[in-house]
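By letter and in written order, the chains are A, B, C, D and E; residue numbering begins at 1 in each of them.
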Amino acid sequence: MAFESGILEQGLGAADEAALHRNEPPPGWLLEAIGAHRVRAVLAPLAVLVVVLVGWQSLCESGAVSPLILPSPLAIAEAFIKDGPNLLAAATVTTIEALTGFVLGNILGFVLAVAFLYSELSRRTVYPLAMAAQAVPIVAVTPALILWFGNGMAPKIFVTMFLVFFPMLVNALRGLRNADTEVMELLYTLSATPLQQLRMVRMPASVPFVFNALKISACACFVAAIVAEWVAADRGIGYLIVLYGSQYRMPQVWAAVLIGTAISMAVYGLVVFAEARVAPWLNRRKRPISD
Amino acid sequence: MSSITVPDLAADAAGGSEPGTGPAGIPWGLVLPPVLFVVALVALWAVLSAAGLIPRYILPAPGAVLNEFTRNYAVLARHAAYTSGEAVAGFIIGNAAAVLMAIVFSYSGLLKAAFYPFALISRAIPIVAFTPLLVIVLGRGLPPVIAVVAIAVYFPAFLNMMRGLASADVDYHEMLHTLSASRWQRLKMVDLPASMPYLFAALKVSASVAFICAIVAEWIGANVGLGYLVVISGQYFKLPTLWAAIIVAAVLTLLLLALVVLAERALRRWTAAPGEI
Amino acid sequence: MASQPGESGLSIRDVGMVYRRGEQVTTALVGCSLEIPEGNWASLIGASGCGKSTLLRILADIVRPTSGTALVGGVTPAEARAARTFALVSQQSTMLPWRKILANVELGLEVAGVDKVERKRRAEEAIELVGLKGFEQAFPSELSGGMRQRAAIARALTLKPRFLLMDEPFGALDEITREKLNFELLRILKETSATLLLVTHSISEAIILSDTVAVMSPRPGRISHVVDIGFGHERTGAMRDDPQFGAYESELRHALHGPAGAPRPMATPSPSHALA
Amino acid sequence: MASQPGESGLSIRDVGMVYRRGEQVTTALVGCSLEIPEGNWASLIGASGCGKSTLLRILADIVRPTSGTALVGGVTPAEARAARTFALVSQQSTMLPWRKILANVELGLEVAGVDKVERKRRAEEAIELVGLKGFEQAFPSELSGGMRQRAAIARALTLKPRFLLMDEPFGALDEITREKLNFELLRILKETSATLLLVTHSISEAIILSDTVAVMSPRPGRISHVVDIGFGHERTGAMRDDPQFGAYESELRHALHGPAGAPRPMATPSPSHALA
Amino acid sequence: EELTKLSVVLGYVPNVESFGAEYALKQGYFKDEGLDVTVIPAGQGVDQVQMVSAGTVDIGISNPEQILAGVAQGAKFKVFASEFQKTPMAMTCRKDSGIEKASDIAGKRVGVKTPAKPFFDLFMSKNSIDPASVTTTSIGPNDISVLISGQIDCEVTTFAFNEPRLIEAAGVPVNVFSFGDYGLNSQVDSYFVSDAFFADPAKKELLVKYLRAEQKAWMEFFKDPAGAAKFMVEGGFTDGLDLDQQTYQAEKQALYMKDAFTAEKGFMWVNLDTWKETAQNALASKVTDKLIDPTDLLSTEILEKVAPPKM
């Protein structure tokens, strides 16, 4: 068997060992492997999807589950068609809330991580507080938030931000500390400023962690916004879920859920794309040939 | 490590500088600042409340909340016990499943290709939509709440483990390769140890949301637990109870978080080299 | 002294290797051939970047050549690896940072499924041999560069492999430690009748440790010269005083520096192709 | 030739170093003293693990000695580091894996705030000097061991520092490349009047590159011998033929191997303290 | 003798509203009828309509609007009893907002719970209030602090005898507008089972036993509402109930449970006319897409067998 490092990025899928160890020079196998597993990366989940959908549809048609609980895929599709514009308008609102919270929360988390890295005092005092803040069941305080911020987008953005900043803080802090000792010593003897250390070593070293945090929140930010809307809103996907849910319009509920899911997957995809652009060395095998 | 001058290097490697421990072995450096901070915060809260700057319907005075703790501790403890059980069980189940799944995916390209997208999607679906289904399938009470927590919690560990299992230096892989190590040996000897920083970063994230998720889930489908207590005391406008429940939840979250941090330290002490990992 | 070339020794036949990454194409090896009969000791010398490590990594089944074939004990490197007939000491003296030295040295035996007591015994023996006694419980980061290198050698030695592939194993060692380990290695090779392929930058070390010294030309690497060393397998420090030793040394230096190269280069830079 | 010892050169006074981690206590240095006047070239030789790197890391302000003081150009290592008066080539030839070779070599200049065009020019010059032309756009992982080491040397050279601290910079290089770089280094040292402290395992390299060779005893390390090399600063490859060269060589070898040590050790293992 | 298992999901968290079931259970009235009843408390998010339709519970207690919505989505139910004759649903307004009658909300701020949104729209159209003249804002499912803080003038919906009491206890006097008085009456807390359950004569018999036992409990309630409140608060059913509010509710809710109709037909009787009104309203507010005829949905069969006291 060939040597296979198993270093593969999420979303791509592991390539065949056979495809990896070949008599060809690296780009050959790389292209081929990507080609091969691109196909598989599409076909395999598609197959699973088809099986799931067919099973789901027949389950619903058999009458074994109440339509008030689980609508059939076809009914959901129909709801999409019937209720499309409404869903899209709601999705726009939620997306704005989720993304604003996403951006603000991640900036806050990263900035805090950097501050904690350089200021012992800030870490000792603010980190426990950040943890405690994160520990507050934010959804339980949403009514209070609505008192403070009104019931527009602001409280939803706040909740989203609140749930997003912590994964970034923890991951970024770990990542920024993940810099190789030898490399840090090098920069140190070069008398690099903290900012240079940050830019040249710590940030690159933190990239895998930071992107993981972004991926975690790319999905979570929509869930957060929806849950916040669900407490009190008059627009957005969360609102539609509650309203339709209270009327047992399950196909519409699921259509709203799925549109939220689809958008957060798109954001996730964007993060993966950005990662490939920002940190090409992560998706490249460390030694192209040897693996 | 006092001889190291490169600032923070040793601490960095260890994942955080460990503040000095006092003579009694209590890490005062770690304990004191947050304690002082909390004390200051409570004092501020008390002063503002007394001055009437925080309306009672937003946040009751600390005295009222404190009174709630002394008067109503049995009720709080009962609900807290439920929520803790759910949160911890969900935390363990979710993270164990995540680690297992990441390992399976790192072994099988086909399984990964087939199910990876769904692992992602499952996180993107609002839990709210799941809950009626879970309540119907699992019945009311602990099981659906544990399921919600597990589902909500597994994702950070899953993502980070996918990354962590692939993070080991190629040199290590090459070495094990020439030793003709099995995949399992490679996992045990290289990939798992190398993925620990990733795992613990994820565990900290998920420890901090486990209770929140349990509370949201209770809100939807339970009649015990702190989430329920929050709802019902909100409904009956018993704000001291509500805030006492919130504080208990926060403290429990911090305890879980502290447990994760301690576990990480212990693991580092047993296995990790200074200046590495 | 050993069996037929290629049958059970190390065999490299017309091996070529091209590294490619996007635009960057590096031809590391072209038409390399070398036969090392089983039980023989061979060294590989050549300029930095000429492809020595690449050749070793091909034999160790880490990379597969772009063309040609490599055989280890008559089978492909992959098969040899599966059968655990060889051990590699890589140029980086790789240590798992989370394992103490003892556990790092034990690693090969642990992978091979040797039981706990036995592997501890063998690892301690090897650690003592390379002069690291007392550092069993230290982490790799607490060792000096040379000490780490010795730990990597110890790990390979615990395995008592049929084929020992070593990539500059003594590079970070001082002269005494180096020579001591040279002779320890010779003793073990004789004891176990192992076959050796050693990459080194020291011509004298190559002579001391080899039946055959192969010289590689600068990139793209090929085997340009093979010098047989007729000292037999009974070697002492005194062999250096043998006039034949000096002759081998100058022959090799000559081969290495090319027809134009002087045994001792001037202060003026030599043509850059000899370097790069 | 230069100013007063300790005033502006490198100065190590009664330095001791104890590494401690839990139970494990390693005394790396005891009462080390060494003065290298500014503009002088010095080498440090000694057994593996005797504390050479530790001494360099003390001067480079990476670790702080347990006792004694170290001065670089008359100021503490920390101040010297802040003033960027020295450059260190570490034993591991550290590269940032996400930077290509050019960017890695440019790193020191980038940190020092040299503008883009200038730093590219100087980096390319240094890359050419160490024979890595054509590999500017390769990633460190695509280089051979020796090539990475040369890239690390190039990075230090771009800085034209007052003090050059080098930890076995040529360890992974073949003889020719090594000698070529030895003389390039000498040329640069003369051009910039820099002070050199070099750790090496090659006695002849120490003689070729130094005014002073300090010999360290095995752990716990102390400076046991200092040999002044009287060759002046005009050096050629021919100096090896000077009978004085051989005399220095045997003096150093003697100093290194201790009173009991023979210049060439036997096949029998030398006492393990000399190794460990 | 073997007891027969039967489960019921309450309309809300256990409080005096569900005194009947809890007290019958406690006093063993169900057991006397040969039933082993499981009482499932409800609360936020628990949906009785979904649970009954999925078969996870036998009897559901819920609002007619929700039962009708479920039917509109394809579920098949039978309603066999109703707790309230007049809906306790109400709009609660701060006295200081000057709202004395429904039409006064023009120009005011009204906080509306999301599920009640269609309902409130219908309320405005039925009472000729221009929706544009009212500032509506959505509020959480159990949030009275917004009203207390003065951010809104009215809250929709509240129970007539629950939130208003709590709000006044917090120092804010209120006016309460019961929706029953505005053409939006419905029989809140109606008891229903799935059609299939009802079609099984053996199971139908269980409902008779169940209702008989509960009725017996309710008679105790009417004797001593304050005692009933005390029973609920101190019985350990749920934490967080307020004794003062529960006592108040117990006194008040009796007025919503008994009227001329029950005096004629009997306690807990289902009222087809009220249901017709509710079904019309459900359609008008688009909670259902079509008009549901409640005639087949309701059944007085159980009630007739139980023959509850006319009161």
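Definition applied: contacts are C-beta pairs under 8 Å (C-beta built on N, C-alpha and C of every residue); 3 or more make two chains touch, one makes a residue touch a chain.
Being a predicted model, the structure only gives us computed values, none of them experimental.
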item	value
Common touching chains of chain E and chain A	B
A-B against A-D, pair bridged by the larger set of C-beta contacts	A-B
Gap in Å, rounded to a whole number, between the CA centres of chain E and chain D	87
Geometric centre distance via CA averages, chain C-chain B, whole Å	49
Rounded Å distance between chain B and chain E, as computed from the means of their C-alpha atoms	40
Multi-partner residues of chain E (each touching 2 or more other chains)	50, 54, 140, 143, 145, 149
Contacts with 2+ other chains: residues of chain D	19, 21, 61-62, 92, 141-142
Two or more partner chains touched - positions in chain B	6, 57-58, 132, 136, 169-170, 174, 177, 219, 234, 274-276
Of chain D, residues touching chain C in the complex	19, 21, 23-24, 26, 45-49, 52-53, 91-92, 128, 130-135, 137-138, 142-147, 149-150, 167-168, 171-180, 183-184, 186-187, 201, 203, 235-237, 240, 253, 256-257, 261, 264-270, 272, 274-276
Chain C contact footprint on chain B (complex, rising order)	169, 171-172, 174-182, 185, 189-190, 193, 271-277
Touching residues (chain side chain B, partner chain E) in the complex	55-58, 75, 78-79, 131-132, 135-136, 139-140, 219-223, 228-229, 231-239, 241
Complex contacts: residues of chain B adjacent to chain A	6-9, 11-13, 15-17, 19, 29-30, 33-34, 36-38, 41, 57-59, 105-106, 108-110, 112-118, 120-121, 123-129, 132-133, 136, 155-156, 159-160, 162-163, 165-167, 169-170, 173-174, 177, 186, 191, 197-198, 200-202, 204-205, 208-209, 211-212, 215-216, 219, 226-227, 230, 234, 242, 245-246, 249-254, 257, 275-276
Chain A to chain E touching residues, read off their complex	65-69, 142-144, 146-147, 150-151, 231-234, 239, 242-243, 246-250
